[in-house]
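Shared between the two complexes below is chain A, which has chain B as its partner in the first and chain C in the second.
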Partner chain A sequence: MERIIFYIFAAAIILFSLFSVTSTRILRAAIYLFLVLVSIAGLYFMLGYHFLGAVQLTVYAGGIVVLIIFSILLTEQIDSRMPAPKLGTMILSGAVAVIGATVSIFAITGHNFETTPETVNAGTVEKVGERLLSYGEGGYVLPFEVISVLLLAAMIGAIVIAKRPKSDEQTSE
Partner chain B sequence: MIAGVSIYEILIVSTIVFFIGVYGFLTRKNLISVLLSVELILNATAINFVIFNKYLFPGHVQGLFFTLFLIAVAAAEVAIAIAIIIDLYRITKSVNVDETAEMKH
Partner chain C sequence: MYDFTDLVRSIHESLVASLSPGMAALVEWIIIGAIFLGFFALLGLVLVYVERKVCAFFQLRLGPMRVGFWGTAQTLADTLKLLLKEPIMNKRADKFLFNFAPFIIIISSLIVLSVTPFAPGLQAFDINIGLFFVIAISSIGVVGILLAGWASNNKYSLIGAMRSGAQIVSYELSVGLALMTMVVLTGSLQLSEIIASQADGWWIFKGHIPAFIAFVLFIVASTAEVNRGPFDLAEAESELTAGFHTEYSGMKFAFFFLAEFVNMFIVAVIAATVFLGGWMPFHIGGLDGFNQIMDFIPPILWFFGKVAFIIFLMMWFKWTFPRLRIDQLLTLEWKYLLPLNLMNIVLMAFVVYMGWYFGN
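Right, the complex of A and B next:
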């Protein structure tokens, strides 16, 4: 049963990511990316990492995709179509992707991974929460605080970059 | 670990997603769709971290935490990238890679 659900998720991830890079309408490409992200969140839920799946859904599927859709609406007409890439570019990049994927898959299947059977789920929400704010051995409170400073810096940077300069405002209006 | 699914199958899925992202990155001309492809690549690596954590070291949570911080960094990255794209659109009235060769203004 779990195997079947995994294959459905895997097929959805691969199919929608393929649509996402080939669709000529950019808004549809963004929606396909959204579906890929939701399927990956489903994969995390299946693995028992519920907190990670929830973060993937809220930050990625909820936040980042909405941001991307807003930027599409700001910079483009909804019904505009992107021109298809040149045939030469398509063949060359397709060859790069296929060769790279084949080499990587050969490397993966040739390597013997020593999997360890799982006894208890170490990634439950409770344990992740404790680790995230613990000072002691294996605690993650320092990266947690650093990432909050990074997000603040990114927020201020985004505002400063996207803000229209004053002299520009006076000339255009 | 997912019952009946080996580590190889999940790693193959993430590899394919990674190289689909590479294909999109190379073929797309629109800056926002290049960003979409980068998101695909980032997500493929995030899957790898989680899978190695779950299948090889199920007693630890390092891979899970790395993915958590990776998602936060990706959010910051997208916010900055979109600010730059919107600023560029204001200057050149286009989000095409070919027409935005000049960054100096």
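Right, the complex of A and C next:
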């Protein structure tokens, strides 16, 4: 049963990824990307990584894709199609994709995965939280803080860019 | 006394005994899915009727009265009408996305419905990240609204979708933070554990001031998140005809309509579970006689009673307050609700750290 579900998810991921890169309508491409991300979340849920699955849904499917769709909504018309890429570009990107795929396949098949009979439950919220804020062995508090500073800087930058200059504001009102 | 665990287990065992394990699991999934789909449809019928009646009484009218006793069959008749209506397709719409959008919305609300703890032992999916799962799945519904608005190729729809996108993305934060405030208190995200921790009193009483602030913030923010009045700018009839679902007709329109009511139910379920103890009867620590009388009322009635109360509260909002403007809406979230929420979460952390809440 689990195997069947895995193959359904895997087929969905491959199929929608292909659709996503071949579609000439940009919003459809975004929606195929959305479906790929949701299918990956499905794989996480199947593996018992509930926390990671939910993060995948909120951050990628519910956050990044919504942002992409939002920007498409603001800039694109419903009839607009992207022009088909040039032959040279297609060959180049195809070659890059094939190289990437071969490298990953070699890495995965070459690695000897050890299986344990015990069920590993590393994805619980408690464990993730403790790891994230611990400064001991294997703790992630430094990357966590650094990333929050980065996000804060990005946010301030966005506000500064979006804010109108003072003189502009007075004339417009 | 009113525990469903034995019933569920006996059904499970009889299925396992007569079928292979794989088939038994499949049959169970199908049964649960069918029950939820049926419940989903029933919920839509009942809530639409209740909404129309509540609205009518607030406006000193009688509301639907003709079909059935006190108009109770009105929504059935409406459903029949919607089923028979022609699905009209906009000529220059993006057909695939246009047809796909209602399903995203309805699937996301159906998945969230699966975690509902109806009564002891009666919960389909007791996932250990419960509340986070609810927040995660409900953040997907907005994709459907944005798609519906864009694929209709209609200016009103697009404006409605943009409004709704801005609204949901911002109010999601407040919903999440208000729930996180309560998680500081409950110490768990799992819905069954949250309910179990309220056996000696509901969190809204045990957590006193910060819990009450969180409750108010949650109700306001989640009313906005499910696009209900006074925050229904996405479908503001008087300005945008019907907002993002202007071009939809027949059953596809009914999907949006149904999803709105089911989302309202889900919000009420989460509020009832986190703040009002879910199916847990009203208990006062120390008064054993009183507690035992309260235990005689079945948990499922407690659950639906609390949910009905919150739904009534949200309908009350809708028919009392005038609709906000989009700038007022965003000001409310970013300048009032969000800072309040952040302050409240610090206050709650302090209260829990000092042990200044009841029942510890």
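By definition in this document, the second predicted complex is superposed on the first by the 129 of 173 C-alpha atoms of A that agree within 3 Å, B and C clash if a C-alpha of one lies under 4 Å from a C-alpha of the other, contacts with A are read in each partner's own complex, and residues count from 1 in each chain.
Rule of thumb we're sticking to: contacts are C-beta pairs under 8 Å (C-beta built on N, C-alpha and C of every residue); 3 or more make two chains touch, one makes a residue touch a chain.
Note that the structure is predicted; figures quoted are calculated from it, not measured.
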Chain B versus chain C as contact partner of A:63, first or second or both or neither: both
Partner chain(s) touched by A:141 [first = chain B, second = chain C, both, neither]: neither
First (chain B), second (chain C), both or neither touched by A:54: second
Partner chain(s) touched by A:38 [first = chain B, second = chain C, both, neither]: second
Which superposed partner A:28 touches (first chain B, second chain C, both, neither): second
Chain A residues touched - chain C or chain B, whichever exceeds: B
Which superposed partner A:91 touches (first chain B, second chain C, both, neither): neither
Where chain A meets both chain C and chain B, residue numbers: 51, 55, 63, 70, 72, 74
Sites on chain B touched by chain A in the complex: 1-13, 15-24, 26-30, 32-33, 35-37, 39-40, 43, 46-47, 50-51, 53-61, 64-65, 67-69, 71-80, 82-87, 89-90, 95
Contact set on chain A toward chain B in their complex: 2-3, 6, 10, 13-14, 17-18, 20-22, 26, 29-30, 33, 36-37, 40, 43-44, 46-49, 51-52, 55-56, 59-60, 63-64, 67-68, 70-72, 74-76, 82-83, 85, 89-90, 92-94, 96-98, 100-101, 104-105, 108-109, 113-123, 127-128, 131-132, 140, 143, 147, 150-151, 153-155, 157-159, 161-162, 164
Interfacial residue positions of chain C with respect to chain A in the complex: 22, 25-26, 92-94, 96-97, 100, 127-129, 132-133, 135-137, 139-140, 142-143, 146-147, 149-151, 153, 158, 161-162, 165, 169, 172, 189
Interfacial residue positions of chain A with respect to chain C in the complex: 1, 25, 27-28, 31, 34, 38, 50-51, 53-55, 57-58, 61-63, 65-66, 69-70, 72-74, 78-79, 124-125
